[in-house]
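Both of the next two complexes hold subunit A, though its partner changes from subunit B to subunit C.
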Partner chain A sequence: MRGRPGLVTAYQRDMAIFPTNTQRVWFAAFALVMALLTFVLSDDLALRGASAAAAAVGAIGLNLVTGWAGQISLGHAFFLGIGAYTAAALGGETGGPLIGLGLEMWIWLPAAGLVAAVAGIVVAPIATRLRGLYLAFVTLGLVFIGEHIFREWDSLTGGIGVGRSAPKPILFGYDLSREGSFLGFTLSAEQQYLLFALVVLLVMGFLAKNLVRGRVGRAFSAIRDRDVAAEIMGINLARHKLIAFAISSFYAGIAGALLWTFVGFIEPRSFSLTLSIVYIAMILIGGAASIMGSIMGAVFITFLPRIVDLLSGYVPFIEDSPTGGFLTVSQVEQILFGLLIVVFLIVEPLGLYGIWIRIRNYWKAWPFSY
Partner chain B sequence: MTDRLLTVTDIRLAFAGVVALDDVGFEVNQGELFAIIGPNGAGKTSIFNCLNGVYHPQQGSITFAGHDILGMRAHRIAELGMARTFQNIELFENLTVLDNILLGRHLSFSYGPFSAAIYRGRAKREEIENRARAEDIIDFLEIQAFRKSLVGMLPYGVQKRVELGRALAMDPKLLLLDEPVAGMNLEETEDIARFILDIKEELGIAMILVEHDMGLVMDIADRVMVLDFGRKIAEGVPSVVQQDPEVIRAYLGEEFKSEELHSAEVEAAEATGGAS
Partner chain C sequence: MTEFLQATVNGIATGAIYGLLALGFVIIYKSSEVLSFAQSGLMILGAFWVVYFSSVLALNFWLAVLLGVLLSALIGVAIERSMLRPMVGKPAFSVAILTIGLNIALTVIGFDLIGVEIRSLGDPWGIQKVEIGQLVVSQKDVATIVASVIVVGALLAFFRYSRFGLAMRATAIDQETALAQGIPVARVFAVAWAIAAGLATIAGVFLGAGTGVTAAIGVRAIRALPAAVIGGLDSIPGAIVGGLIVGLAEAYTVAYQAEYLGFLGQNFSTAVAYVVMFFVLLVRPYGIFGTREVVRV
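What follows is the complex of A and B.
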């Protein structure tokens, strides 16, 4: 049936991720631009982009459990850590002083997710007993337990101040950390990281989108909005909180493994409360209960230091060097960070994604934008 | 005997000091429209909470569709076919009307998180089938215009309908309606009354109706139970219950009491006024 453009005549079409052709074309164009950018970005920007993409996977994970299922978790750093160390143990060099099995990335990357997911499943029953702030406190405890384990388990982590090197990103014999060529282009390690991270994000993003647009995501939202009514609809609260924590931790595990692989080195003190808060900031600033929002938040937070750096060139009282000047770059960064969380919480609870939707709707209705 | 759907025997529910339900028992048959009335705080909502597993009575027994459901978790009772609307609307307010109604159909889906993530085959098929069923309900309740609206933004009367739709979406054997027309004008009340009668006649779903609107109850209920201070004081067909002296006392007593109270206050005020 032909009708006016945008008229939807089948449920299947109405329920699609991109219901209109325009949206499909835009997404494809965007993906293409991102892929092409990979070939031209400087190493520094490519590495940051790769980190942003990996962080976005972690942010989607946190958004699933907190934004959708409404279970506030301060324990995300713990699951990121489990992912990073699982990867390091499985993919690390054999024969050294530290645990290392020398396996390839196609094993250690999913395994990092799975081990973190198992940890999530172990933690989930707490969420069926505690709510809100109490749950937040207990998950905070997880971070402390994790920090303790990572500090003490020398043969895995190398211990404080020593640390260990990240696993080698070798995929079917191809080492991403070595300069290579692709379709006749020479690609640096950083550019290859970015390309790989984008592919992982694309896959994980679509899987998450599918999850949340169907039965399971609806049940998560129902539990977040009204858990008693949800249970009366037949939703098994314990089961769905378990699913939420398991999947969220799986995403965190993958993100942790990738992030520290890109950095090349794992310091046991990295997985602190601050890291958890950074992820909460990503989903608050990006947009709770939104996949695009998670990605926007992760990109924004990851590039924030670069933005402040740029500003320091123009704003007189921000100083690049650690001494002298009114404020250092890292101080500005922290202030901005706190300020942004507060501003978004109060002014734009839907986050960057909400702003984007409003801009889009404005132009959709243009010139009748009122 | 065979068409008995729900049997409640002598349930007793107490909260630290307050006895909300005191040995209450009743039965509901297949396809029946059973009403529960009583003054504020009589324990009507508490009965619903006991039936669908939000509260667990300390004594008594509840048998629903052949199962002993006392102490059962709420989601298990839902699986047996009990649905409900709430006195104070309890919709998922950040979701659309459509998603709320689809949540009513949660148990009609069988795919799990893995097929969900892939979203092919069974997951897709079930989503489309249930979408079609949800649309039937949206048509039935005449809320097509609000399909994609967030329920939190909708007027009260529409929210009440959506909540009815969400409960209907469960394809229940028994539907509990807690004051479905509270706060509605005459026209809205008539619409809801029509929906309730359609549900009974066309869908054959048994219902328990809690309602303060006496006219509505007397018009549409098959049988009525009257509660007062957590105790059952009468039960029967509406015309008989209406004439029951104890029921009249429970209802009118309230008015007498408040009138007495009022005149006593006036007298007291006059007395103090005169003394000064």
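What follows is the complex of A and C.
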């Protein structure tokens, strides 16, 4: 590492996304490795990776409203659902029994975000009226009301147990869900999904990073730390809560549309409270108020089933088969998921990102202790 | 008119169950300022213990309920000691999320223990009904209402007249001051969790009475949360009132919504509690009986 990375002489540099050239180089190398990995990963892992990247977009969205602006939202599943169904309605097949306009991905993906953002704007005024835990309950109610709407609106969602297929990811005439060749390599559908999701994550991640280091982001943090003090400093509470909810929902909408496109099928019961909690877990385990943390959390939670699967070979009381044994793999996964939240909150409130920072700081001055 | 009265009686019976769950919630919140999402998990687990004692060990039903409540209370204390104690002084949100994680673990374990089939509680009411005039009321509804009145009455008397009840009320007002007065605040937390777990078990027994305990009762238990919020998170009468409001709203929705508000779709009763909560909070942001938060910089 050249120069003195701890020495910052200009505010501009203090606020920079990459304070040092070293970090820029490392990030570029990391992005390159990820891009190259897409060409070699198996379909199964590539699909999980794509889901993780899309989930990371959603987690960043939740982190903006909960981690930065401090507004507890248990309603993220609702916004994910709106995104998924907007995408399905705009991109779905025309002429079928369900609503479908047959539009292309470059229309339905941003539209999914925008419609979800509008829903967020509708909810935001309630957030300006309620504080803290009461807000958590209202957003919790949102999930249940949303679940009811998704269940009953048959012409949009297909109804319970039936569901509908997700829109085709066709981008300017190129179908991502079909095997294609790229620079002479054959890419499977899953690998293309991963590549596309990584690009979306890169763009959305940088946008979010820019937002939180700027005026609006600082206002968010001020509101989180003490809303009354923030108001006295001249921050318009109602306006910034509105912005927080709108942007967060926008991210959720994009994530919802992408995630269920990768799965290929939308079930109305997917958007339950559990899904909201999964996202809360992502930002808590990853690290609140951190973009990198959101991504780490999303990757960790998405790959958790794989990890438990691996464990099941070694731990005696976990059974591979769906019946029999004391606990099945999916049950262990859920319990582990619940306990992970508990353990991270008690032991490491900064999340995976906090662990990473500690490791980094340890090696920074190695072999000296400081 | 009969239909209306019928719906009212049903509503009060379910409302009483929600009230019991909400009460546990409020007691924990008041004494330790922890928002516990774990009530439904505790309820499922509690219902399982009663099933276990009464049908697997073939004990008398009342003895089974008593043992189930005691065992649940012990589990409540253990949870408080191992998971909530380290979180004292942490932000309320973190603790609330922790209880969500805890609830997931408890629910999965409870479901696994109960299994896929319907488990009988061995309760004396079964599916028998009583006829009062033109009303047909199932015996378990009557039992629910009677038992709730007794339990709530006993609890209120405990808070009002016992020495430890006084300690709990003092802790609810101000933890630090209570500690300074020599009140064992840690023990108050433990007892609050024990009471809440016991109440959840009783609620689980009445939710499962008659038809039997299935894994599905957990979904209904979540609706005790809007009940507690409607009444106000820190109000004991509020919990009961909130429970009754939610119970009645659901019963009336079941009875009338298909006829008059059909466009809302089937099974709207599962969502009505949250709609009511929305409107109550818009008008009264701290619930009906909740204390207004004083905001200082």
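A few remarks follow.
Note that the second predicted complex is superposed on the first by the 356 of 370 C-alpha atoms of A that agree within 3 Å, B and C clash if a C-alpha of one lies under 4 Å from a C-alpha of the other, contacts with A are read in each partner's own complex, and residues count from 1 in each chain.
Following the convention adopted for this analysis, contacts are C-beta pairs under 8 Å (C-beta built on N, C-alpha and C of every residue); 3 or more make two chains touch, one makes a residue touch a chain.
Just so it is clear, the model here is predicted, and its values are computed rather than measured.
Aligning the two structures on subunit A places subunit B and subunit C side by side, free of any clash.
When the two complexes are overlaid on their common chain A, residue A:339 makes contact with subunit C while staying clear of subunit B. With both structures placed on the common chain, the touch criterion links A:35 to neither subunit B nor subunit C. Of the two partner chains, neither subunit B nor subunit C is touched by A:202. By the touch criterion defined above, A:99 lies against neither subunit B nor subunit C after alignment on the C-alpha atoms of chain A.
More residues of subunit A are touched by C (comparison of subunit B with subunit C).
By the touch criterion stated above, A:225 is placed in contact with subunit B alone, subunit C being left untouched. After overlaying the two complexes on the shared chain, residue contacts for A:211 are found with subunit B alone; subunit C is out of touch. Of the two partner chains placed by superposition, only subunit C is touched by A:141; subunit B is not. Of all C-alpha pairs linking subunit B and subunit C after the chain A fit, the shortest spans 6 Å. Common to the subunit B and subunit C interfaces on subunit A are residues 226, 228-229, 232. Touching subunit A in their complex are the following residues of subunit B: 52-54, 73-75, 78-79, 83-84, 86, 90-95, 99, 102-104, 106-107, 109, 111-113, 116-119, 123-124, 126-128, 131-132, 135, 166, 170.
By the touch rule above, subunit C contacts subunit A in their complex via residues 35, 83, 86-87, 90, 92-98, 100-105, 108-109, 112, 222, 225-226, 229, 233, 264-268, 270-271, 273-275, 277-278, 281-282, 285-287, 293, 295-297. Subunit A contributes residues 11-12, 14-15, 207-208, 210-211, 213-219, 221-222, 224-226, 228-237, 243, 247, 289 to its touches with subunit B in the complex.
Those residues of subunit A lying in contact with subunit C across their complex are 72, 126, 129-134, 136-138, 140-142, 144-145, 147-149, 151-153, 226, 228-229, 232, 273-274, 277, 280-281, 284, 326-327, 331, 334-335, 337-342, 345-346, 349.
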